[in-house]
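Next come two complexes built around chain A: one with chain B, the other with chain C.
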Partner chain A sequence: MTLLQKILLALVVLAAVLPMVGVPQYWLYTLTIGLYYAMLASSWSLLVGYIGRISFAQAAMSGLGAYVAVLTGQLLGWPVVPSLIAGVVAAGLFGLMIGWLTLRLHGAYLGLTTIAFAEILRITVTAEHQVTQGSRGLQVRPLIEGAGPVTYYYIFLAAAVVSVLLMLALLHSRIGLFFQAIREDEDGTASLGVNVTLWKSLAFAASTAFAGFAGGLYAHFVQLITPSMMSMQEMGYILAMAVIGGFSNVVYAAFGGVILQVLLEALREMGEWRLAVFGVIAILMLRFAPNGIFGWLETRLKRKDK
Partner chain B sequence: MTLVAIAEQAMNGLIISTFYALIALGIALIFGVLRIVNFAHGEFYMLGGYACYLAVTLLGLPPIFGVIFAVVILMMVGMVVEQALIKPIHTGKVDRPDEYAIMITFALAILLLNLANSIFGPWPQRPAPVARGIFEFGELIIPGDRLSAAGIGIVLIVGLLVVLRYTWMGKAVRAVSQDRAAAETFGINITQASMLAFGAGAALAGAAGALIGPVFNVVPAMGAVPAMKAYIVVVLGGLGSIRGAIVGALILGQVEVFATILIPDSSRALAYKDAYGLVVLILVLLVRPQGLFGVAERRA
Partner chain C sequence: MQAQLDISNLSKNFGGLQALKGIDLSFQKGELVGLIGPNGSGKTTLLNIIGGYYDASGGAVTLEGRKIDGLSPSTLARLGIGRSFQMTKVFKRLTVLENMLVGALADWGLTRKAAEDKARGVLDKLKLTRLADSPASSLSGGQAKLLEFGRVMMLDPKIVLLDEPFGGVHPELKRFMYEKITEWNDAGATIILISHDMGSIFGLCRRVVTLSYGDIIADGDPETVRNDPAVLEAYLGDHHAA
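The block that comes next holds the complex of A and B.
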């Protein structure tokens, strides 16, 4: 285990004991939101960092998962767990559809197509206000009746850790190798007999399913959802989080999500300026440290070992 | 529906098309020369609106200077952005140029949006328009602020086409967008042409923002919807194609005004107004990624 891995593991352990050492509820709430973003940032990096497919639909997929989970509960009377699963399946299937439809597209063409899908979803949710309450927002029942912030915190921590572990398991399997091979040389990979079509579609589906899961949980935590959770602004935060943490690694991206959300709260006095500062940091990172803070640390620490 | 109503809608569509074309031409120009889609284009448009607001409302200059001011400022902003963030792609300093270009311009968009939010606040501003009142053509009535803005827009578009067609600078830009390597062999300064194209692209977006600002208010988030429309236009016309951007804008303008009045439930029709173009965008990309006038690439 490298030094960086030890540090990150220690941070996770620290996160698990935080509620026991009397951290104020306000910060637990912030961390819970941070864990939601951790799931989004890491699932986004699963797609962008490993198979090299860009998507701007991650926030919209989280919203899709959230709305499906909430509406199956309200309209069909499903209990929380089945409706959460419905959200995951809906987001996963939508991702599979996008992935399959856009097989031919790369780079900016793919980016534009995913923006279009995301915006159509957001516009539909806003327009069908008889069902979704539109931009007034949809009231959501709590995940667990009468649960306090500590319970939610642990649920989100467990969800984020399990999600990232599942992603790592996927990436360390043969499938993960296929992903990276496709990223490096799609035609070459296909010529070696890898089913590029299948894995490219599946990578999209896996990434969006995790986003749908995060969105469903988030909806039942904040208990009010609006179409703005699907906006490009929100997508921008997810991108900045993944980039600052390091989008070439799902673990780094997840930490980027938590860290950025905590900093956003801690620097609240700066007002809107803090968002501008994060924009600058994201740009500088992309330009000079494309592997993010943790990717940069990793290479630094490696160099020291030698 | 009466003939006058149809003519009025068609005219509205034409006016909107002018602004779509202005913004889209910038994207097309940038894509042609640099082979990247600028995802911060809507924010350049927004900055143009604020440049106009600064010049007209705060400095008290006549409205036409607001447009000129916006063009000059955005030209400079564009050239600086190109030098700082885009140039490294073409000098081989970036690992994954495709993804880098998309993410860096998207991050720039987020930065500019929040910067505008911090400096100007989220409140709408409304600089004075170039002309007021209404114009009457027989029974056809058109608000003067829109018509004058569209008129200036058309002048700018024609100006751009003339520059691209007849000046040495314009020919250099077109040469680079046709064949980068060949243009370089013939002694064209690629670095300069790239900077120029990005600056001009940003300036066009800025001009559009400055022209529309007085009509629909200047707010930090004003760029999102028009930029999306411009992406639809360039994809429809073919990414990088100048002719395609103009034809695409004309088509989208008419589709939008007439699709909206053809749907009976008016509130829902309005809510979905921005979605029609997006459906067009997806269909074009899936069926014919090179658009109407674009050149087919092996990897779209």
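The block that comes next holds the complex of A and C.
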């Protein structure tokens, strides 16, 4: 294990004991939201960092997972777990569709197309107010009746850890190798018999399924969802989190999510300026430390070993 | 006997440019064919169509009696067409070993351990063992060519398309590539070799096809082609009717 891996593992252990050492509820709440963003930032980096496809639909996919989970509960009377699964499946299928429809698009064209998909979805949810209550927001039953902040915190911690571990398992399998080969050179990968079309579509689906899961959990935690969770501003936060943590690694991106959410809360007085500040930081990171804080640390620590 | 790979009236246009002008060619199983021609004569374009990277503008390609027009490169690779690229397409941020594994692992029947053992064996022959765990971005041009050749070796293809595989490769390793090409061929594989390295072409191939401006201007045994005035003209002439 490298030094950085040890540090990150220690942080996870620290996170697990936080509620026991008397951290105020307010900060537990903040960290719980941070863990939601950790899942989103890491699921985004699963796509962008490994297979090299860009998407600005991650917040929208979280929203899709959330609305499907909530509505299957309200309209069809499904229990929480099946409705969460429905959200995951819906987001995964939508991602598969985006992935398949954008197979031949790259760079700016791909990015713009995913923005279009995200906005169509957000506008649809806003407009269908008989079903979704539009921008007034939809009341959501709690994940567990009567559960307190500590319970939610642990559920989100477990969900984030398990999500990231599942992503790592996928990425360390041969499928992860195919993803990275496709990122490096599509024709070269195809020449070796790897079904590039299939894996490009499935990478989208995997990434959005995790986002849908995060969204469903989030809905049942905050218990009121609005279409703003699908906005480009939310997407901006996710992007900044992944970039600042380091989107070439799902673990780094996850930590970026938690750290930035904590900073967002700590800098509350700055209001809307925070997004601008994080945007600038993200741009500077891309220029000077493209692998993010943790990617930068990784190379620094490696160099010291030698 | 039915040809293994049959190309009939194949044409390819890029805008107004006719890169291939309706060519007919067939290859029997187990042939070792050199494909030569001046820069821009259409050699790579032909390989790209056989491999499924480009759609033909007209004509047909048939593999063992089956039309393969419209099949994807990955499908064709799984049907046994392996290729290397003139401009190498190594996966720069993957290690040399990982580069080797991609093709082997595309076969789900093969375990990672088996694939790795096979890859290490090939890397050893290519004198790349020392670099197995380095990123492919650290390879020299010649080493990248060798790595690509190694990736093709991992596939055990029945048709091997090689586009300038020797560029920058050390003579000793070039000899290894010759041996491997001959060995593939002896085992029944069909080889189409593009090279500007005439020593390699005439040393290895029993048939040489010459392209010029998208047309086949010569096709025959090396001795005949070497002395064909049209071939000499194509290579040496500084003018050519458009």
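General observations
Note that in this section the second predicted complex is superposed on the first by the 306 of 306 C-alpha atoms of A that agree within 3 Å, B and C clash if a C-alpha of one lies under 4 Å from a C-alpha of the other, contacts with A are read in each partner's own complex, and residues count from 1 in each chain.
The rule is short, and it goes like this: a contact is a pair of C-beta atoms (placed from the backbone, for glycine too) under 8 Å apart; a residue touches a chain by one contact, two chains touch by 3 or more.
Computed from a predicted structure; not experimentally measured.
Shared-chain residue A:116: touches chain B; no touch with chain C.
With both structures placed on the common chain, the touch criterion links A:280 to chain B but leaves chain C unconnected.
Of the two partner chains placed by superposition, only chain B is touched by A:126; chain C is not. In the superposition on chain A, A:189 makes contact with chain C only, while chain B stays out of contact range.
When both complexes are overlaid on chain A, the residue A:303 reaches neither chain B nor chain C. When both complexes are overlaid on chain A, the residue A:268 reaches neither chain B nor chain C. Set against each other, chain B and chain C touch different numbers of residues in chain A, with B touching more. Contact residues of chain A toward chain B in the complex are 48, 52, 54, 56, 101-102, 104-109, 111-113, 115-117, 119-120, 123-124, 126-127, 232-233, 236-237, 239-240, 243, 271-273, 275-276, 278-280, 282-283, 286-287, 290.
Listed in rising order, the residues of chain B touching chain A in the complex are 31, 36-37, 39, 85, 88, 94-96, 98-104, 106-115, 117-118, 224, 228, 231-232, 235, 239, 268, 271-272, 274-275, 278-279, 281-282, 285-286, 289, 299-300. Residues 51, 53, 72-75, 77-78, 82-83, 85, 89-94, 98-99, 101-103, 105-107, 112, 151, 154-155 of chain C are the ones touching chain A in the complex. Chain contact summary for the complex, chain A toward chain C: residues 174, 177-178, 180-181, 183-185, 187-197.
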